[in-house]
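Given below, in the form of structure tokens, are the structures.
Below are two complexes that have subunit A in common, paired first with subunit B and then with subunit C.
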Partner chain A sequence: MTSYLRVVWQAFLLQAALARRGPQNMLMLLVTPMQTAGLLSLTLHAHRPDAVANAVIAPGLVGLWVAALDYAGRVVPEDQWAGRFTPMVAAPVPLTLVVAGRVAAVVLVGAVAFAESWLVAAAGFGRVVTVDEPGVFVLAVAATCLASVGTAMLLSGVIALSRARDVLQNSLSYPFYILGGVVFPIAVLPLWVRPLSRLVFLSWSAQLLRDAAHGTARHWPLSLAVILALGAAALAGGMWLTRRIVDVARRKGTVGYA
Partner chain B sequence: MEAAVSVSSLRRTYERRRKDTVVALDDLTLTIARNEIHGLLGPNGAGKTTLVRILSTVLLPTSGTARVLGHDVVAETTAVRSLVGLVLGGDRGLYDRLSARRNLLFWGALYKLDARTVRRRADTLLERVGLAERADEPVERFSRGMRQRLHLARGLLHEPRVLFLDEPTSGLDPVAAVAFRRLVLELRDEGRTFLLATHDMDEATALCDRVTLIDRGRRLLTDDTANIGRLLGDRECVDFAHDDPALTHALNHALTDALAALPEVVDVERLDDRWRAHTADREGSRRVLAWLVERDVLTARHAQPTLEEVYLRTVGDRGMRV
Partner chain C sequence: MIHAIRIVRQSVILGFAEMGRVYTWRTWTFGWLMRLLCQVAYYVLLGSYLGDPALTRYVLVGNSVALACLESTIVVISLSGERAMGTLPLLAVAPAGHLPVYLGRGVQWMTTGLISSMVAWTALPPLLGVPLPWPRAAYAIPVIVLVLLSSYGYGCALAGVALRLRGVEWLVLNFAYGIVMTFGGTNVPMSFWPAPLRAVLEFLPLVHGLQAVRGILDGAPTGHVLGQVGLEALVGAGWYAVAWLSMDRLVSVGRRTGTLDYAG
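Our next item is the complex of A and B:
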């Protein structure tokens, strides 16, 4: 294993250990069953058995987004606040590797929400959601997780640079559930919003996951490619931003300050 | 042989609001030899931490140059980072919920060490800093002294040749501070170089080969710690007190006036717990000692001004101002 990969792996293990030690890092997994229950109740009350899969997939995507936004977004600011940023910057490896490893662990915890929502549907509502194209579905989940890591990197940088972190974090959740077509397809959104939606990887992920569940994923290679490309673009942006955070802090003398 | 640290005309300014500029380091020049323990002394805001941060590459200088073991801290950042260890004082800087060992495994990876090497070094260092038995406990249960020792272990993981210690014993109890200093001396014997930024004069006196006093970003003096007293005008001193400490301040003015009148004595001053007679030379000190003994003042000794006195006189009394 190269030294850089080792850094990513150790950062991953560190975040996993922090999640085990700090239950608040897994709070989103307590929310997922309730979201699933709420969405499923609405769907069943409306006599829409065709939308059950949508109601089960949505909490999984919400869990990933919460992980990327709330938890990964805190990685750099928390290290700054706790005085760990200075020794981290003083080390010879790029900070981006540490952030990448840690957000990957956070996203993996978020991905557990998919399994949770499935279990809640089966055990709580007696609805076992079947997937008509399981191979495509697994690929879509994997690509979505990778894109979430890239996006979490970007969000981590944006939030660390922001002077109003809490406000930013709070305001970036619901708009992205809508733009990402997480709860309902973007086809129901106004026409002028749709191009914007297509820039959000969640919209491609949500559609592909629903199509794979219903067996209608005809253009899945294209969708997968777009999800990965948007994730890669976000990752590149996140890495650039993280480098910039370090450069600015070294120049302004704010490495040791939160 | 190349110096361990060489700083030339180093300047660092900070822009504040309303576009005024604060000068943290001003034209600082300093050289630290290899295998030296060099003390950096100065009041709050003197520029000590700024210098440590520049040398450990977490802060960019505004102008001037700084080199560590021949590597420029701006142009050769990665090389410098591999060679130096940074040990910051205080409670922060660690993952409190995780164990000491887990912390070291993570920080070791940041210095490109493989897992086996980090584990081996972590075990050795935890033993050395006296934390082996608590290695698997969360750091949040550690005392300040234990955290400080863990900070040092982290700074040593990659076996750096130069260590920067910023207030490493602040808040430690005396026993822990002495143990910490003993460890630093052992590490120096292994060939490492130290730059120690501290307020603690006893610590600087006990540890440092040389000290530099800085104030308002400027170097005031650099000299051997053992000879620092010479800087107060090369004066010799005789310290004396009454055998009964309670009566020290009651030594009558007739005695001190008589002493001050001796041709060998430059002046006599009252310190906190004793009196001090400044003499022109060593022969003068000898005569003053004999003169005091003849008058039943039996607690007397030849002395030189301490580092603390040099510090106070050089930096000046500014009370709580920074």
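Our next item is the complex of A and C:
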């Protein structure tokens, strides 16, 4: 168990070292203030102080999703292009643990968007968002990060297997922000869409975070359980896909292909 | 003139060949276009949650027209890709001169930008229950084309930054259209922002074009609409001039120092 954790930690450090080299990894930190300013301006212009928390929480969730989709999704394909995939497959540790560690590093950076968004609202708009139920809020952020790691793992596998990687990475953003109700309650969506929303962990996270901020989180243990369950299901799917990628590459002799 | 048309034609062919490496018409339609429409719908749904139908329509119009700006500015990626691949010098020695060739490098994004903004303009209002007043909405279409053109100049000018610094093209692209979409009057009127910021925003593409579009839809006096159209054209011309100077200097310095084929 300790050796597995060590592998995850080393993968975490590897991702941090790789990310430091590329200025493009700053993208999310650049986009978050603009996202916050856009959503907050609309909220304030509409004279809806009750929705300020929505506008501040949403960029945090978007940051996590971008991290899962854009950065984590590139982990395996970039290893293939850079020629790191072969030694990783040959190493005596499962690739799934390496990918999990790297994805966790990426998601942790994504979570910085929450703090950034709060700072933009406070410093740029003079709106200091307070949280009425901080304990529930912290638990909700932690569960959301864990679910993001699971989802990122799944997306990483799907994107690595897909022949339309760029299309997937370019397209799976706003549809999920709508389905996930990251900035408005899913009651805004048409009736037939709502069951689909419930399958996206973001919808549970967004509602729980907003409720915790407003002090109206009643069934929070259930929400937390669903977020973690959806994240675990995605993680299991992602680990299965990653194993499959390795097995197929070994069988077909394509491990060294970019 | 014939040279210019040939260059544009070749640029379009090259651009679409490049796009074909990533998208088929199916993946473009059901992937990228759907994503853009969802982007507009996301803000429209927020507008409907926050306010009245007037605000919802304001947001719908702003975000639909903003798609034209978003797609045009993707020229940043196309141009900086030439640097990364080491093909920048080949374009610089083209017999037509480097400037028209460089400036034509992302023409395909204007074409797709026109398609996506037109789909949003015609399909989303009835789908989202926010109808636009026709035929006035049709009169706004030439202004949307002008926004495409001015935003393309803006993208070319900012590509100059991406061509000089390594690995920042996605940062430049997202900053370029993010600033316009956040502060350019897509979701809230310009009067929302402080006066000093507004003074700077006057120089961004989309800002005046969008005001002209809103003026047309609201039946504003022709003089006001034409004034905003003129300003949008002026802003666009300014950005083309910046792009022109920036690329001219890039090539002249690159030739002198022998660094034009450096990949960043």
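Here is the rule we go by: the second predicted complex is superposed on the first by the 257 of 258 C-alpha atoms of A that agree within 3 Å, B and C clash if a C-alpha of one lies under 4 Å from a C-alpha of the other, contacts with A are read in each partner's own complex, and residues count from 1 in each chain.
In the analysis below, a residue touches a chain if its C-beta (ideal position, glycine included) is under 8 Å from a C-beta of that chain, and two chains touch if they have at least 3 such contacts.
These numbers come from a predicted model, not from an experiment.
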Please work out whether A:130 is in contact with subunit B alone, subunit C alone, both, or neither, and reply first, second, both or neither. neither
Examine A:39 and indicate which partner it touches, taking first as subunit B and second as subunit C; both and neither are also allowed. second
In the superposed arrangement, which partner chain does A:98 touch: subunit B (first), subunit C (second), both, or neither? first
Considering only touches as defined above, state whether A:82 meets subunit B (first), subunit C (second), both or neither. first
In the superposed arrangement, which partner chain does A:22 touch: subunit B (first), subunit C (second), both, or neither? both
Touch test for A:251: subunit B only (first), subunit C only (second), both, or neither? first
Need the overlap of the two footprints on subunit A, from subunit B and from subunit C, as residue ranges. 22
Going by the contact rule set out above, which residues of subunit B touch subunit A in the complex? 12, 14-15, 24, 50, 53, 56-60, 78, 81-82, 84, 86, 88, 90, 92-98, 102, 105-107, 109-112, 114-115, 138, 154
Of subunit A, residues touching subunit C in the complex: 22-24, 26-27, 30-31, 34-35, 37-39, 41-46, 48, 51, 164, 166-168, 170-175, 177-178, 183-185, 188-189
Residue ranges of subunit A in contact with subunit B within the complex: 1, 3, 6-7, 9-11, 13-14, 17-18, 21-22, 82-84, 86-93, 98, 249-253, 255-256
Touching residues (chain side subunit C, partner subunit A) in the complex: 22-23, 27-28, 31-32, 34-36, 38-39, 41-43, 45-51, 55, 59, 165-171, 174-175, 178-179, 181-183, 187-189, 192-193
